[in-house]
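After this come two complexes, each holding subunit A, first together with subunit B and then together with subunit C.
Presenting the complex of A and B:
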């Protein structure tokens, strides 16, 4: 905390001189310009998850066959996707966060990086030992380890160039997010909202790993890098300055010190504005009665100057959260038509079930509509105040401690979790993997103990009633109008990130393990293939020697393929292989794997 | 490496067994893709401690029985649910806190136990 404060002062000084001027990373720029690469987790800075490749298209996608596979040899959930730069593919794994550089000419491992992390970290991770992938830039590959150490690896050799410690895992400050390279910075967040971690986002210099700035989500203005007179927010139908102590005044006493607002999602960057966009998670604890106030700025969308971290604008989606609707989901930037006007928009599908469209330059709220008709905890978002109109029956605060609030939609995991949606420039639509699950929620009193879970609610979940009976949908969304264009029912929640391509198709994975290709226009299924395990990773595509490939991780944490062995219902199953590195050949069908497809 | 060679050999053997066995298959069995059955047999063999050839016979027997007892759609739904129950964290919690989830997992367990008994695999 002390070290963090010192950096804050340094950053505040830097603020005066460098704000607004973008510094590019030439190496990453070059890599991203070539659509044959998949140089960042979303393929671009805008989080669009769109590829200009069109060899695989709606007419021939049904001919896809498995071209090659790679097993990570690690059990547990496989999120994110590999990166491809030139002839090299960079593959990552869940804890212990192994990294493999694979030569695409031979599919042989060129180098591997196997970090030695204290396995005590596993117990500090609320939501599986996932890792959402690597970043690339300046000839380096960046790995955000679970134990919060951010590592820069030489892309050619795998040697560690620099390391930075981003948090204290003993206090539950661990990492699952992918680092993001924007300009000359590596941006990374922090997890641990369930441990009472006070969230922040940090920028490290790409060259040497020195912290450039850190901005907290809650607390004093200076530590959030907010200027009470210049940082703007939406109120009374217009943008207004946030004013002094905009966070402190919304917390009881010093609860903000363990207030959450963690930052483990997908960030985006607008170079023209030099603004970084991301979301903050739930306030701690899950029991709302224990933390009166709006709990700002948890559950918010943020725009910060990339060079200094200074907050340009911020918007809180769910004041005083009562349901664990983290606001961390991806921020997608797109220039789209919003109610008849061309806008530089930011589109965000929040866990709270509302799809938000904001002007990403000014921060104005333009659209906030439900992207699943089942959403019932609020009737609508008041466009004047920007606040959701909560329905008393579903208010866990209103109903009180030790009362079971029933039939709340969506469930705590949200109408969508982190699994990122995709945008297609041709249709101007967003393609969104969703949950269709509701819950009963009973909050109870908890006491904070450093390094311990700080949750305070018991939940039960079920598919949305009076619907198709399934637990998910894959939808096309018009963010300019706030309307669902088409919706494809899924048996299970869709926990995989989507990919759109110039071949007029959308890809996504399912919990059954199917990689699916559907038609852009109507969601009609064109092709599917069942991979060895459930898919919670993100689909990606690349070109090698002139041929287009599509790939995805599979691996959810259970045993691959079948659930036949007795006793696999327990949470701890599969833990045995998490800590140790095992022989890949021997376990070729177990654990997570990458499956890559092409047209023969 | 030795393991891998035997695995490949087993795959070929299993594949040819299915090529023959697929002909008289019932309505239920016919809809199971070859890939699914081979995958099941390989995983089943890996978990067994009997000689490889014996496991091949028994595991092939088990999957054939399963295809008689449940449709491929049911099998996929049940096995997905069963696997998802072991996901760590909040997503797994969705499945664990889902009443039907445990029922579906038990359904698959019951069918598998019956199939294993019928194939001397216990």
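Presenting the complex of A and C:
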């Protein structure tokens, strides 16, 4: 749709604010249609992380070489990826969230944006100061700063067009997520589940930064933008209305006010349905005994109307969390065959170790299976109730406060954390970077003080016992059947977002710093290169002057990276481990750079 | 870290009363440890403050350091005054918060110091401790 027409349409229906009518951003639409760009963090609205580019392919990827590099000037964890629109690349850094616009013709810095943020925010982000990247739309680059300020920058000059304050960092409400542009809105979330922040997701108007709506994760129906009669959820084998006070009735007293359910993952959008999809995180505190009830709607998958925020459906994966299985991981939208039927599916690899497939239009639960055989905290998900069947031995509530529950798989950082998976339309499979880590978890009583940590559990993490000794796998997953197709062992957690391409390859990075290309069919390694630091960023690709490039940030950090020195209790040392994350220090060091590759 | 030392100490049943407090009226020991992991009430309180303030998220579950420095090492170097100042004012640019608004931490600096010093000295052999009965 051309810009002029779009304005006219927008004006004609401005008074309606009706649900269901999609408003596109013509500028972003144009940019996203060209596979030579990498115009959004996932390359599309669906979180598929698939590129139609095929110059670099399974036959020639072994010739890939470094084309150019760029230092961000900042150490610590580099998550997300740059954006490429036309001849410009937009590069971001962890705190203090510098942004560089680099001209790909000259590799000159055209503009840079260096926000001034209170360094007190660093501690509120404990323990790493990551930022998952920028968004683009309407001629603007959007930066979600750590101190919760959402900024719109003029893509040509870097000048600040508007700012919106999205939270109160003094209460621990800070940001690590990338903003996402869908339609005429910028969507952003909030972090701070370990500070007792009550989570929400917010939509700002792309034009002026005014908040269009905000939907909370927990609390009264009106503040969650839920209609007790119309918002649906999976119960007793079918979709049913959630009913009145569906959240309030699952909390003791007013604990929901500090109840968590933060929203710092990757969001996706189905334009045909005009629905926004995302996940909510753990309830606060990590001590389950202190917060009886299901703690809805923490740990849930959400579908909201993009225009109004109204919740169409919601599904809670982990009622009454006892392990910090923070449910924020990305929702990947794909039209796939599920048990013999073509479905408009939503696929989600949760921290809790189950891979979920839902009908993204209706919200029906279709598949919920373990995507790591090590997962032991639940035997299975009851497909009728949708609830996981918890094993008492691994229930930290059952075992009680001040008792160390041992050998729980996965660990709190999940079978997968935020590191996003990719989909390949040709195979119909999902390619998933995973953790293969278990934990001991000891909850204890904790008091809430505004603006202070509100955690309430001590953890020790170690490689999954009785396995290959490593802490990660890179797997191919059939979301229609709920089965692992192949699995490639890695020494450390795979904390990098994957990229699939029409060249029949999958790229991902490792904590040691290798960027790897593997075969779609069997995961066989075709090529690798050691970058300056460990990789927790997401692989991206673009065309410049007709030539394909592949790039990735390196810069160790994030939860896995800070675990470089994470301690095992002495009595855990004998689990056949390779020394846990401590061994990572032998392979890499802090860094902060972008490495871009091409075939010469 | 000196694992050999830890193992040797842990293997013996002994009571450690170390060192004498430097300040005036210094006949009260800084901490008392039995069997490596049983401590006096004040030191146990220090452990509870360490846990409640979630110091382990940066300094590691065993104080060995993660994104924040190893306190096993730091408390061999820091004076008591520097310890108090770091807790109170923080090291903002490195991510250490200022705890001066947190009553629980500020009112219990002596106990927290005793616990961490005991860990740093190697007298307390595991991060988790119990109270001497």
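In this section, the second predicted complex is superposed on the first by the 548 of 600 C-alpha atoms of A that agree within 3 Å, B and C clash if a C-alpha of one lies under 4 Å from a C-alpha of the other, contacts with A are read in each partner's own complex, and residues count from 1 in each chain.
As a working rule, contacts are C-beta pairs under 8 Å (C-beta built on N, C-alpha and C of every residue); 3 or more make two chains touch, one makes a residue touch a chain.
Given the structure is predicted, the values throughout are model-derived calculations rather than measurements.
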Worksheet item: So, A:444: does it touch subunit B (first), subunit C (second), both, or neither?
Response: second
Discussion item. For A:460, using the defined touch cut-off, is the partner it touches subunit B, subunit C, both, or neither? Pick first, second, both or neither.
Written reply: both
Worksheet entry | First, second, both or neither for A:262, with subunit B first and subunit C second | neither
Item to complete: State whether A:493 touches subunit B only (first), subunit C only (second), both chains, or neither.
Response: first
Worksheet entry | subunit B versus subunit C as contact partner of A:530, first or second or both or neither | first
Worksheet entry | Which partner reaches more residues of subunit A (counting touched residues only), subunit B or subunit C | B
Discussion item. Under the stated touch criterion, which partner chain does A:191 make contact with: subunit B (first), subunit C (second), both, or neither?
Written reply: neither
Worksheet item: Touching A:123, do we find subunit B (first), subunit C (second), both, or neither?
Response: second
Practice prompt. Overlap the subunit B and subunit C contact sets on subunit A and report the shared residues.
Written response: 125-129, 459-460, 557, 562-566, 569-570
Worksheet item: What residues of subunit B sit close enough to touch subunit A in their complex?
Response: 1, 3-4, 7, 33, 35-36, 39-40, 42-44, 46-47, 76-80, 82-94, 96-100, 102, 105, 108-109, 112
Fill in: Residue ranges of subunit C touching subunit A (in the complex, touch as defined)
3, 6-7, 10, 51-54, 56-58, 60-62, 64-68, 70, 90, 92-98, 101-104, 126-128
Response to the item:
Seen from subunit A, its contact residues with subunit C in the complex are 119-120, 122-129, 194, 404, 442, 444, 446-447, 449, 451-453, 455, 458-460, 557, 562-567, 569-570
Worksheet item: So in the complex, which bits of subunit A are touching subunit B?
Response: 76-77, 125-129, 411-413, 417, 435, 437, 439, 459-463, 471, 491-493, 495, 511-513, 530, 532-534, 536, 556-566, 568-571, 573-574, 585-586, 588-589
